[in-house]
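As structure tokens, here come the structures.
Below, subunit A partners subunit B and then partners subunit C, in two separate complexes.
On to the complex of A and B.
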């Protein structure tokens, strides 16, 4: 028995467990973990919502989504590095950020639209696997192109782009006292961005004519086409929007020290995005938001446990994938998913 | 009526003949692969040496093509034939690889560090089968994208686990290397020294053939790994051509109908998953035995499955042998476009064969041709492989072997002799005249 225990990665942490449990349930800790979790959730939701829109309508699991986020991070970072100087004040920096969001969204949406028309549209009638494969190939190309461009300008493609991170306003870099604990400004900013993104997407889906088309197309694209909706154009628009959203998530990540603009960001964001989309149920925006919150909170909790009790670096990441497996076992269609979607 | 001895001898002869006829193409492929190190050696020493070094993959690379090809074939066995995309397939490969390295380091209870490698390969396979049964029982309740995602989830859990578990090595993030066993991993009959040869670049055996040709360690590894891959391939091919394999295709084409006919598709899928895992584990074992080290990325990361997927798509999905050619293609392109110091490739070739004047010509904004070659060719293989891959998905959806099969109306083994005979001068009509 002791041999088995020695094999376990958690061996040295067993006696600590009860003490740490007590420490975890202090209001201060709980509040910190909650804010941390919601901030992570906001990022996850922003990364995953584009993916979920595209899958819900077109049934294409877009493997290139992470690369779009990566391109967005570099593009946004470039814009901010060019405009923001040492003396630029905080309000101006936030303004530049807002401008960056618009520019990144526009550029990537245009790019996504072109991709859809040029590459994905010709293979809609093929089995869904081909579309997965095509976007998988796109990831290879985009990542390598990014690596070429980035190293051409003398940056390290693997490590985070520090210059872009330095354009962050000072307010966001500092700690702020809030209720019981001090919280970093960046996390609050991320939460605000996340809420804004969710509200905008929700309004688009439920209050605009195009959102109506999207929802109708997700439900039954043939029927929508029969009723006179130009489904092909809706497909293009949604692919463009989804790609743009991925890019916007990227510009936010360029400021976050635990992510940062780098080429591996593509893969690092792709996997959590998949997890969130699958847990929420493929193609439901509501599910994605719920799953994002779930994954974010659990991630934050596990990060705290790792930092304070369990000496196993991979704990948060492993838990996220375990949740994916458990959710799929218990509820294969995801939390809010409809059974028919995705089970080709 | 009793069959006379001469009749049965005739029958055996004709059976053998038809068997041989069916396998002519296999024999040809094996012969070409077996002759490759010789061809390479001759080409490199010929007047066209520089070109040969630049274009032909090295024998070391070919060893990798063989063991990873086996992994890609096993991936195709389950994904191409049942239609269930096993996106976490790398977990079996990694499990096999880690088993070999950890056993050699004495970290696996009850297994001594000097366990014969051939036995280890079987154990790798069995470990993978156990893993596959555990994962499969849960995962085959799902289908489509969900199946791909749950297997991905399992493999990522294992990836994080081996990456961060300190028991495996002093720095598990950078992988684990064989430290507890200085001898090479021998393939052959265990215990019989004269009937087994060690693989590995540094620890492998060299061998003398008929006292004339001396085989280098890479060439010995190539043949020994090739032998295992060949046996595994024929085993899988046998299964695919059995009624069991036909049922798998039925499941791919229409699972509901297969179930309606009365097949318990769940057990068939699980069986296919386990068989394919066995060979993926063996491939992982070969990989670790040859490289003598394994990293979490090369063993368990999902992009390793991505490489198998790439090989399958380029070679032909659901063709079994295709992925080997697909991976050969992939590796050749990668090596051709990589910066390899000793192994040749396009970049060193251009550097040494373009004139100094050409290299220093400025083409754009102060960038010379030499620099632009560096930027676009130095280790950029992934870019071109990606482009080739996208083109294949768009324009050659059946892959290399799949397209050839389509042209020949059947497998190459059956179709090629037929095609060949049609183009021969018509012997039969000559006789009748």
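On to the complex of A and C.
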């Protein structure tokens, strides 16, 4: 009997699997995976929120959204590289980061507003394919422009900008003992930023008159207009806010060694953001938050398993798309979506 | 000067010619019924007034001012309210938020809410519920109060009794009758007895054209003038 087992290619895998399973369920491991997952979720939610706000209200699938995140990463990184020196202390670095958030948000929101007025608005009445082609064209232009500018200054467009990453405060680069495990300061910072972003967006959507207009317009923009809401102005504001949010996520990524400021960041962030928005249900912020958490936690879990059981790190990203396929088959409108949203 | 006036209005959906030279007038304080079979252009007339489907030819005048081609929100801001066919409430917003959207900026929201709940007390106890979870009758009540709280000079009401139980139709009719004492109403209604009961005047629409009009006290719902155009 044991000879049969020895011939099986899976024979050695069973005890390995049991050992790994035991290791996974240790409190220290579970807590670490949880923190990793929530930190990833925070980033996904920040990137996807702008995308979902824009789609929910305007029915526009903005393929240029990832490029806004990439531009935000470079712009914020530039600001921090210019201001932060080797001697700069952590409090000042954090202050510069805060300033960077404000500057990146303002610049990209203004850019997004102009884009909506100048390019998107004239094609609202055309088929969705026109909007997809336009925003896809935009992302090609922005990425190529970024490649030219970055190369001009002697940086590698496809590599993470190390100078920007080096502006990170020491406290974020260190491990900190928390409850049962040692966790990265950067991950805790990303979680804090994600929570802050969710609270700010939630307050905007549910506690302000403009947020009410956004939610009403997301369901039925024609009816909202007939009740006196200037839907076109709301479109512009939402496109500006969505673009600004994408940029703010970028400045945070400039510090993260898993991402970093680089030209391919546009595509690297666009794909998971789309997955999160689709899983959550196109156009629902609540769905985006739930899907971001789901994807982040599954991604972190699979990353741990692939690293510890198979010692292969390339596949975990595939699991995100696997979740997408399952959700699309079981619940095509997404976790919190209705059957038809958007439009104008 | 009429509060609302349509002058030889032609409206298309794509290549389909829906309104073929519609002219009508609504004076301040009146309730005017627009009746006709399904698909003759009644809803399109209301959409044309709101500029949701702007006319290709002809003019729409509000208080003597040409509003043809204006933005829909500008028409609403000018005091034109809409209670649409099929309710079109915002299902993911609460009852209170639905009312809130309809209150113009700068107006007293608390007073508007009280007015809504006085009109349909049923809505008060459901005020924190998502509107999509209400019954059909409650959704219609919400659609009506949304039109009322805008303090509009002119209310465009489209098939308010459609698909409702008789008891709810009666409550809706009472609310519209009360509204009509202070607001001008242009009413599209398939329920002819209800329309004639509420309205002072009527227009009959057939194939995108006004084919008859008059005072409602000159006719009853079995009149030959209606049978010719309203029977299937």
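The definition used in the following text is that the second predicted complex is superposed on the first by the 323 of 344 C-alpha atoms of A that agree within 3 Å, B and C clash if a C-alpha of one lies under 4 Å from a C-alpha of the other, contacts with A are read in each partner's own complex, and residues count from 1 in each chain.
The criterion applied here is as follows: a contact is a pair of C-beta atoms (placed from the backbone, for glycine too) under 8 Å apart; a residue touches a chain by one contact, two chains touch by 3 or more.
This is a predicted model, so every value here is computed, not measured.
Legend: residue contacts after superposition of the two complexes on their common chain; A:226 is shown touching subunit C, with no touch to subunit B.
Contact with subunit B, but none with subunit C, is seen for A:324 once the two complexes are overlaid on the shared chain.
In the superposed model, A:274 makes contact with subunit B only, not with subunit C. In the superposed model, A:140 makes contact with subunit B only, not with subunit C. Applying the stated contact rule after C-alpha superposition, one finds that A:209 touches subunit C and leaves subunit B untouched. Once chain A of one complex is fitted onto chain A of the other, the partner contacts of A:148 are limited to subunit B, with no touch recorded for subunit C. Counting the residues of subunit A touched by each of subunit B and subunit C gives the higher count for B. Within the complex formed with subunit A, the residues of subunit B that make contact are 85, 109, 138, 141-146, 148-150, 152-154, 156-157, 160-161, 163-167, 302-303, 306, 309, 313, 375-376, 380, 382-383, 385-387, 389-390, 393-394, 397. The residues of subunit A lying in touch with subunit C in their complex are 209, 212-213, 215-216, 219-220, 222-232, 338. Across the complex, subunit C meets subunit A through its residues 50, 52, 71-73, 76-77, 82, 84, 88, 90-93, 97, 100-102, 104-105, 146, 150. Touching subunit B in their complex are the following residues of subunit A: 3, 7, 9, 61, 119, 122-123, 126, 128-130, 132-134, 136-141, 143-145, 148, 152, 267, 271, 274-275, 278, 282, 312-314, 317-318, 321-322, 324-325, 328-329, 332-333, 342-344.
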